[in-house]
Structure formats: structure tokens, C-alpha cells
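Next come two complexes, and both contain chain A; in the first it sits with chain B, in the second with chain C.
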Partner chain A sequence: MTSDGLYYLDHAAATPVDERVLAEMQPYFGERFFNPSSPYAPAVAVRRDYFDAKARLAHTFGAKADEIIITAGATESINLAFSAVTGHVVISAIEHDAVVAAAKRHSHTLVAPTEKGIITPEAVGAAITPDTELVSVQLANNEIGTIQPVRQIAEKIRTIQAARLKENNKRPLALHCDASQGFGQIDIHTARLGIDLLTLNAGKMYGPKQVGLLWVRPGVHVEPLIVGGGQERGLRSGTENVAGTIGFAKAAELADRHRKSEAERLSKLRDTMEQTLANAFKQAVVSGHPKKRLPGSLHISMPGLDAERLVFALEQRGVMLATGSACAANKNTRSHVLTALGMSDELADGSLRLTFGRLSNEENCRQAAAIIVEEVKKEYERVGRA
Partner chain B sequence: MTSDGLYYLDHAAATPVDERVLAEMQPYFGERFFNPSSPYAPAVAVRRDYFDAKARLAHTFGAKADEIIITAGATESINLAFSAVTGHVVISAIEHDAVVAAAKRHSHTLVAPTEKGIITPEAVGAAITPDTELVSVQLANNEIGTIQPVRQIAEKIRTIQAARLKENNKRPLALHCDASQGFGQIDIHTARLGIDLLTLNAGKMYGPKQVGLLWVRPGVHVEPLIVGGGQERGLRSGTENVAGTIGFAKAAELADRHRKSEAERLSKLRDTMEQTLANAFKQAVVSGHPKKRLPGSLHISMPGLDAERLVFALEQRGVMLATGSACAANKNTRSHVLTALGMSDELADGSLRLTFGRLSNEENCRQAAAIIVEEVKKEYERVGRA
Partner chain C sequence: MEAKQKVFVGMSGGVDSSLTAALLVEQGYEVTGVYMKNWTKDLPGMRCPWADDLADAKRVAVHLGIDFKVFDFENEYKHKVVDYMIDEYKLGRTPNPDIMCNQEVKFKLFLDMALEQGADLVATGHYARTKDGQLLMATDANKDQTYFLYRIDGAALKKTLFPLGEYTKPEVRKMAEERGLATAKKKDSQGICFVGQIGIREFLSQYVDTSPGEVIDKASGKVLGTHDGAIFYTLGQRHGLELGGGLPYYVVGKDMGKNQVFVTTNLNDDELWRDTITLENIHWINQPAVNGTYQVRMRHRTQLIECQLEGSTLKLKEPQRAVAAGQSAVLYDGDLCVGGGIIV
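Coming up: the complex of A and B.
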């Protein structure tokens, strides 16, 4: 997908559509273009294909077709997860911008992470008030890769729910998990996680962009953001995204099927890169939890350097990586995630995010590592800290 | 796109993606997959391509790139157009389900059409109260094809605005036009229409599905439905739909370039079909305005017949068309459009919608007409009204 001499280390920002995914989508742009609501047989067949794809997609994370709402991406899914809330919400302080923005529309409390970026069940429990209706904690952080103890947080919430019932407090209390990052690298299963709402994003798992889903546990209430023809059981109107959903299903199946081997492969590539950089620069600081971390994720800070300059220098040599997260990259503000971790400005400003994926292999990672070492050395020489 | 022996006469429900459109989208699924917010050069190039596509797209209807918000389709655009309303809204009684549903979230008044489906400026003016903030009138009806006098309605609204200012009523009053139907068949130009908000849908003009736009005249206020990373000037967050927008721009350019010749071609095909059916069945009733009608649109009722039975009989012979609109087709309810026109139940229940487009040509329309005549005759014989 990338040519020789191009080293893509930013899989958390975007992934190409897998060729097998695109091949499954193609017929729905052309000969199977019919509106799934039309009455004639070829359209009814498209409708069947659509629901079949939803079922296969849902199956990859232990859910059923009629429990998922197809959206135009994780941002819409997240907004939809917050749609029915009238009370207080609790989110982690290191959520994606979309969760932060959705929470700001409500009375909200931010839960601070530990230094390694972990959101503890105790901290979540302490933030929940009798008015809290929704807790939102990401599965894995998009900047530092830390994986959250979602299952334990869910158990904490169940305990609080039980106590509420005893006090006759009937306010709903749901746990939403934004799992935009991590599908295909770690286990994502609604029952094992114990969650009520789940956001997934096709565009981050080699599926089509602008396609996402919100899984809603039966019994949990959400309100439609977009009303009209009543598609998606009235929860998200608009002609169904048939091609996108077919692609999403294939992408999820591929990611799920190869999860264990891919996680192992990415983790080796990441560890080799981490060791190479840590050996070359004793002052380098790796952030996030050393073990509870996405296999394909590396966040490393070069104190005293300007990461933006580094990104541009590296780009000249074909290495593509991020400073902080891509979402915040063009805003010239410090990442709220790094601030919440208590990272010093010097470390934050010198931080690089490398995310490995299907475009990564031993050869191109070895070459990229050599280029990064050279360019970081040059920068340290330039600022007189070599 | 359809094989021999298949006659698609339902272009208002869905159009295939034009091969030239798909060809322009393809690179953005693969080698140009980058996140437009990422800082390295290949991503910056994608960002440039995205804004260039928005500019080309906006240009086709006399607007500028930063005046349009890319959405996941007309339904979302319509919901966004209504997002800032706190007061009263006025809509025509024959709007698309999405406009009806969005209006129902507010205090609203429905404006009845004339028998031919025209919404007169006088009727709109009479429905506007001092609290009205938004008027929504479609450019052309999706069921009967009637084209509305949008420019004259806009002038009426300007007059009312002027009167309001004299009375020191500073409530905004905007005109939204849902032009999901008609692009590529009739002139759509924001200044010539005199509107404030415009909804367009790529999926109805041989572009990708689940891609739409809302044009917002500078100075008109909308509130984001979906918050997050702040894309689309904060009005619609989520990673930009690069491939979809590139496709939308190409689709709009193609439709705009060939508009006049295509309108003439479709109008001939439609008129021939109409004459064939009207000659064969003297009792047939054509609805909508005879002249102010989309060139590719024909709504015809066969009194005493069950249109649903007809659609299934026709489908067996490869003819695909609609009863009422596709959106409502699977709900077993009578079309609110036909009800608003005052159509009798007998006529409504026997009504067929035929919409012509790029898959239509003289040969397949002639064959389809012959099949429809045969099947309608059979049905009339069956019910003993031959």
C-alpha cells in the first residue's frame, strides 16, 4: 500500500481499506446499488445482504444484528451514546475529543488517570454521584496506548447500581466504552467487558471511513440524533449505508480472525523500535503502561526536542508518525491526554506517537528506526544537547 | 449497470455510483488513505484534495467550499438545518419524511399543496407567524415530481423579514430547501433560488451513498448535532469523508455538465411512457403538475388496482418501479404526500411511481412500457374491470 522508501507509523490516525474489504464493497456501488427499502426482489436481496452483514459484524464482538446501530463513524456513535442522558456523566480525563465534547454538554466529572494512564475502578466509583447516568471509558488510549480495566470498572458500576436500587434510586447508570482503538489487537466482547454501550470505528480497522457503530445492550435507552425515515429501528434515519456496512463486517471479521497472531507480530515490531530508540537515547521516556498497552502502540518523548520539527524532518525521509494524536495535531495545543498524565511541558513537546499495523514489517520498521535515530541525533546536535 | 431483461425505473430511490465517480474515489481507499488532519506531506495533500473537492462541489450550485458542511446524507443535513431552531417552523405538507420528522420536534405548521402539488408563496406566507424561524420547502417532490416555486417563496420570506424588522422583531427567519431530488435535471443555484440553507444528497445523483451536504448562507446560524474533533468548522465533527466528498464533487460536476441534454432526454422517455400508458388505459390518472415537474418523473394511478400486487407482478418480468416513495414503501401506510394532495384512497392505492435516469434508454423504456401495459391489463382482467 505504501511504496518503497515510505514508512507509515501512524495506524492509529488512519488505516487503508484492506483490498479484501474493498472487493466485498464494490458490487454495492454498482450492480447491487438498490435502496434496501425498495420492494422488488433485487432490492430485497440487498436488504438481506445488509442485515446479514450487521449480524456478522455484531458476531465478532458477541452481539446481535438488532443490537447495533450503524453510524457515520465513532464520533457520531459517541454522540448517540450520550443522547438520552439528562443527568450527570463521568468520563476519564484521557478520552477522545468526541467523548470530551459530548460530556461537556452535560454536568460532568473527569476521572484522572494514574501516571501510567490507568483509570482505576476506585477512581471511577468515587466520581459517580446519585445523579450519574453514564460513565464513558475508552478501551485503549489513542495517544499512549494504555488499555483500561473496563471489566473491573463495569463490576464497580454493577455494585453501585445494586446499592442504588436498595435506596430506590431508579436513575439508569450505563457504561459506554469507546473501543475505536484496539479492535484486531485485543479482545473486544460485550459480555466479557460487561459494558452497556460500545463504539467501534470501521475506519480504524482497515474498513471504510465514515462508518461506525454503536452497540446498545437490550434495555438501555438511547435517543435518535437524526430523525426521518425510521431506519435502524428508528434510532438513526437515512438510507442504510449498505456498501459501508458490508465493508465494516468484512474488516471486523478479518481483524478478529487474525487478532492473536497480529498482536504478537505488532508487539515484536514495537518492542524492537522501543529498544532501538531507548538504547540510542538514554534520556528518552516511554509513556503509558509498560504491559497494559496496545501491542502496536509506542509513545516516546525526547526531552528538549520539538516534536513538530522532528515530524517534518522525518517526513522528508519518508517516515510518517504523529505528535500527540492526529485529531489535535492541527490545533497547536498541547494534548489534554498528556496534560492529564501530569507530563512536563518539555516531555510533552518532545513526544512522538508511533503506531504499528498492517503496513509495518520487520524490514521497513528497521529502516524507519535507523532514520529516526539519525534525525533525533541531528536535532539534539542542533539544539546543543547531543 | 443492469443486465438485459432488467428495467430499472426507480432512480428517485437509488442511483448506482457512476463509474467515473468511483474511479476518482478509489485512490482514497488505498494509497491516499491518510487522515487529513495528520501533519506529514501525504496527509496534507489529502487535506488539500478534500478542500479542493468541496470547492468544486460548492461551485456547481454557486457556493463556496467553506459554506458547505459535508454530512452522512440528506437526512442528517435536514436535521442539521433544523438544529438551531427554538421557535416555530413552517414546512410543506409534502416534504420528505426527514423534514416531517425534524419539524415534529418543534412547534410547526404544514402548508397544504394545490391539487397539482404546488406550494404557493401565498400559502407559505399565511403560515408564517412572528415566532417562525425556519421554512422548509423541497425543490421537487420525490413522489409526484412537482417542482416548487422556491424563488418566489424566498421573495415572500424577504418581504416578511422586512416587515418584521420594522416591528423590531429580530427573530431569524431562514428558508431551507431540500433539493435531494432534481440535481442534474433542473437548475440549482443558491443565489438564483434565494435560499438560506440547501440540502443535497450524493446518493441520488450517481455519487456515493451516505454522503450529503448542507449549504449554509454566511450569517445563518446552525448548531452542531455531532460534536468532537471540531471538523467542518466545528459544525460536524468526525474524520472527514475524503473518498465520499471526492466522489460527491465528481458526481455533481457530471450531473451539472450534462444537465440540459439529460433533462431533455429524460423528459422524452417520460413523455413516451406517459402517452403509452394513458393511451392504453383511459382511466389512468397522472398526478403532479403537468409542466412544473421533474423531467424524469412520472406518477400514474390505475384506479381499482392494487399497486403493490402490480409491483410484484412487474418485478417478475424485470421491471423495477415504486409504489409511493421507497422510504415509506415498507411501512404499509398510505403516502402522506398523496393524502395531502387530496387523492382518493382508490387512486392512491393504485399509484405507481416511475423515475427515469441514466439506466434508462429508448429501447429499455419501450420494452418496459409494453410489459407494464400487459401486466396492468392482466390485473384489470383479474379484478373484472377490463
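Coming up: the complex of A and C.
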């Protein structure tokens, strides 16, 4: 339960800023307000703090301070990753709207997932043409939680790069990974993933919203979207978001430090919830890959029900969760992710997304599960009656 | 046991229609909530709140445990209401799109589709009353909305419930709050629903090409200045002429063909005051046309004026200011709204 007596099961949408994160940010709104570009000593100290925070932040995923560009969130990072593309791009069909929209500005190919939501390296390889410059595959899906074989996709791309060199095709080919979801739950490390560009989002890891980063492997080219004073090595102008970056670094360190135990804890909570709902409703369908899935993620469909009704009914009982896709629900359209999975309309319309996190514990999850079972039963009764 | 009567309630996501649905549930009807998706377009400076309104309507329906549907009338609404409004403005008239919406959408399309899907009756959150296919003013005279409903036909009224007709707005808010309805404190929408608060001027400029034209003094024929487009001006209007200091000027006429606006400083100009009005498209509710004495209202919530109807001519007891063509004159016989027509 959250502090105001509510059951929050939507950590994929937003996470509360950790108190320790907030405490570290606080001074930079007050006594350490200086512009990091100013010449006097207190400002220079702030500049040092800023670069130190960037270094600590980068270190959590195996990168260096100079390789990351701090942005105003994952959407900007994704746009920046696509900024230098002149040729063809390949993305998975289940990317976040930000990646889909960025790809639509170019000649692009969508890679369909398997039924379980996995993007296979073979499917990515088949979509790459001699003109492809960028491949973008998310680390974990925001709706169904499926974790992609990014490392294997990267290897596939290296093979294609080698073949291109032999054919004297000099076009760059980079792999961007949107890892907005999953930090603090699964391993995220640039070298182990074998990627060229990485997007991270502070707002999904108990850090401040509107703070994100793009990691760019040295030698990979991006074009600034925002020009001006030349901050972030000219790739993102504007006075540095010192407080946000300090908070981002702290949030990333905390999430990284407790990753293994948190992942274990969340998967237990998730599995218990899944079993409770599956036992109560034999017709319920869990989507995504049963194993290759974020520990804190559960996507479950109640066939024949309208998930939005369930969200409103549960909201009145203090349970906050999302329909199959938070973004899609706002627009009253079906989620492109569920469509790509080939899910029937009936299952898609009845799908709920439960994402567990630091506000979840055994006690409140047990209570939330009981409430969900009650409300789902009520809706099944209502539909049966109609 | 007699089967429950089925009522489809038009739920807009506002407090009035939310309480309407709640009251009908309490009265023992089998209620289905329906959101009419009529307009979804954003305008510069105004985000169309339809998705939030739909969610609120649905939220209340879930709270009441009733079925909920969305009827999509977007195409029909554009043709029958929005295009009508734009065309009327192009002709230099001042239309009332809400009246058209009730006539064409709520009490035609919605009613027909509801009946088709098994409803016995429909209901809305309008402040009005019905009796045997007649339309009666709401008990709360200050909130009465029969002005917007006078073009509904008697057959539709026989199938319609207005459960709020007996209540005042503060009572409605209080009852909504007592029932824990999520919309109890939601602000009332203002102005024409799809135009919202940005104003008709901004709306029209999105749909009609306008160009500056002359502002002409009616008395001298002299050009006093320029305006942004004659379409934007209505009879009797004072503001927005930007003619500088001196006595205030009022719009007394327009030449849409020449894109000219005529103004005067004479508060008693003939064009500004009318005591005889010609009506067209007269609509009678559930009764044949009857000449005689009525009370008329030419704008929502304005005072009723004694009048004499003869055919399509309405003689007012006292002259009225700024009676604009395209608006509706709605006729009453006491509490009873007998019908009305469009002012020529």
C-alpha cells in the first residue's frame, strides 16, 4: 500500500522518486544553484558534481561520462538516437510509440515478434537491407514485459556488418536499445548487450521525470536536435539539468545495487498474483514469454471483459493498474503491441497490466489480489446477466 | 413480474447526465449509459476533452454497475451540426448549433439507435420536463433548457425522460456528491460544446477563409476602418470593431457579398430594435399550428416577452434589441413549450 492507502500496481507507468534521490537533488535547487558553465569557484564545484554524477551514472551500465548525453527523458533520447539516420531503419513491431514515431520519419521495416513476444535475431537479420543504418529493439516490452535477446541481435548485426565491409558497403549500421523498462530488474550493460546506442529513463527507476540519457558508443554518429550553447559536447544544448542528473545517478546506483534481491522479490510477488488470478479464473490468459519476462511484469487477459471497466471499478477500491497498454488506453485504440502479437480483440480488450515495484509488498499484493478477484467476478456476473 | 423498462441514457461525462443515470437506476429502470462520440478534434489553443469525458462517463457507469456503450456519430455530427453552423455564418446569420444537435443527433440518431438496440426509452440530463409528448419548462426557471429542445418532435418526446427537470443545479450537485459520483464536482462545460472557451471566432477561422473588409458608417456611408471578416460580426455587437475613441459603434448590418460591416452610434437605430419578426422552419410540438398569444424567448435564459403569432409573423409587445437572423424564437404558453421557429 502506498502512504495514502492505495494499492499501486503500475510501476511501468511511473515510479515515485526515492527519498534518498530527492535528498541528493535538493541542494541543487538551493545553495548549489549555480550554472555549471560559470567561472567562479562555487559554480566550478557544481560542474565537478555534475560530471561526477554522470560518471557514476554511466558506470552503472558499463559506460563513461563522456559517452552519455543527458536529455529530458527517454522520448528525447530515442529521437536523438534516430537523428543522424539518412537511410533505412529496422525496428521491432512492439516498440514504444516514441520509437515507432521516430522510425516513421524514415524508410522503415517492422519486425514481427513471435507469439510469445520475442524478436528473434533471424527476423531482425532478414529485415536488414544494404541501406539499413539503424536497428532499434527494446530491452523489455512495456506492455507484456518480454525481454528481448538483444545480445544475440547485436551478434547478428556484427555478422552483417562484416559482410558489408567485404562488399565495400560503407553505410553505418548501429543497434539502438530502448531500455526504459527494466533498469534495476535485469542486467543492463553496454558491453554485455553489444549495442551502439542505449536509452535510459530516470522516471522509471525512482528518479525524477523528464530526465533521461542516450549512451552513444564512441564512433557512432548522432546529430543534435537542440542547438545553442554547446553543452553535452554540442549534442544537447541548454544549461545542464544538474539536480536531475544528480538524482538520476543516485537512482541508478540504488537500483543497480539492489537489482538481484529486488528482482527475486518482485518475481515472487508477480508469480503469486499470477497464480491467484489464474486459479480464480480458468479462462484468464497470461501473455508474453513465461520465463523471458521482467520480474515485476504481468499481462493478463480476462476474455469477454472490458479492461477499462475493470480499471475504473478497481480505482474505486484503491487499486491502480493499467489496461493492456496505458498509452493505447488514453487514445481509445487497440494497442499496436497486442495487435502485433496476433492477440484476438477479445483478449486485447480484456487485458490488464500489473507492474510491481518498490511500493509492492506481500501484504498489499495479497489484498490487491483479493480485490481484483472480487471485481473481476462482479464484471463476469454483470456480463453474464446482460 | 413485469420486465424492467430499458432506458439508454446519453452520458456526456458531466454531472447532469451522471446523476440522470443514477436516478434512473434508483427508479428501477434497466439503464445503459451511452457516450455519443460527436466531436474529437483539437483546435489551436484548445484540446478537445472528449477522451477524458468518455472516461468520466464510463467511470460513473461502472460505479453504478450499468452497461456502457459508445455511439459514434462523428460523421453525422460534422454534416448536420458543424457544417450547418458554418454555412449559416457564411450567410451572415447567427445559428444555434446546440439546437441543431438536439434535433438531429440526440433526439434522432441517438434515439433511433437506442431503440434499435432494445431500449424502451432514452434519457438525457437536460433541465426540462415532458408530459404525454409535450415539452414543459424545468422547475428551476434559471436553468431551464427547453430553449434548446423546442425542435424535438412529439414522438421523440414520448420516448424521452428528463429526470432532472424537477431539480435545481445546486440540488443536482449535492445529490451527485451524496451518491459518490466521480463527476460531482466537475466544472460545467461552457459555450458551444465543440468550440469550448476559445470562442466562435477562432473556430470559424479554422474552417472559413476570411479576409479584411470595410467597416462603414451607416449614416454617412463613410469607411471608418477595417474588420477581419464580416462573418465574425453579429447584429448589435459593440466590441472588437477597433475603431478608436469617441462614441461606441454598434453593428447594424452586413453585406456578406461585399464583406462589409455597417455600424452606427445611434442606439435607437431601426435595425437594432425590432417589434415584428418573421419566422421560418416553424416547428410545433405535438400540436397543429395555432395563431394566438404566447410568450417568446429569443436567447437562452433571457426574459420571456408577450407576443402575438399570426402565421409566420410574430408581433412583440415591446421592441427587442439585436434580434439576429438565424437564432431561434421559442414559444411558450405558460410552462408549456409549444414550439418555435428560426428568425429570418
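Operating definition for what follows: the second predicted complex is superposed on the first by the 381 of 386 C-alpha atoms of A that agree within 3 Å, B and C clash if a C-alpha of one lies under 4 Å from a C-alpha of the other, contacts with A are read in each partner's own complex, and residues count from 1 in each chain.
Operating definition for what follows: a contact is a pair of C-beta atoms (placed from the backbone, for glycine too) under 8 Å apart; a residue touches a chain by one contact, two chains touch by 3 or more.
Just so you know, these numbers come straight off a predicted model, no measurement behind them.
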**Request:** Answer with first, second, both or neither: which of chain B and chain C does A:Ala322 touch in the superposed model?
**Result:** first
**Request:** Look at A:Arg382 in the shared chain and tell me whether it touches chain B only, chain C only, both, or neither; answer first, second, both or neither.
**Result:** second
**Request:** Would you check which partner chain A:Ala313 touches, where first means chain B only, second means chain C only, and both and neither mean what they say?
**Result:** second
**Message:** Contacts for A:Thr333 in the overlay, against chain B (first) and chain C (second): which applies, first, second, both or neither?
**Reply:** neither
**Request:** Using the touch definition from the top, say if A:Val17 reaches chain B (first), chain C (second), both or neither.
**Result:** first
**Of chain B and chain C, the chain that contacts the larger number of chain A residues** = B
**Prompt:** With the two structures laid over each other on chain A, which partner does A:Thr86 touch: chain B (first), chain C (second), both, or neither?
**Reply:** neither
**Complete:** chain A residues where the chain B and chain C footprints coincide 308, 312, 315, 330-331
**Item:** For the chain A and chain C complex, residues of the former touching the latter
**Value:** 308-309, 312-313, 315-316, 330-332, 378, 382, 386
**Prompt:** Which residues of chain B touch chain A in the complex?
**Reply:** 1-3, 6, 10, 13-17, 19, 22, 29-31, 33-35, 37-43, 71-76, 78-79, 96-98, 101-102, 104-105, 203, 208-211, 225-230, 237-239, 241-244, 308, 311-312, 314-315, 320-323, 326-331
**Residue ranges of chain C touching chain A (in the complex, touch as defined)** = 51, 54-55, 58-59, 62-63, 65, 67-68
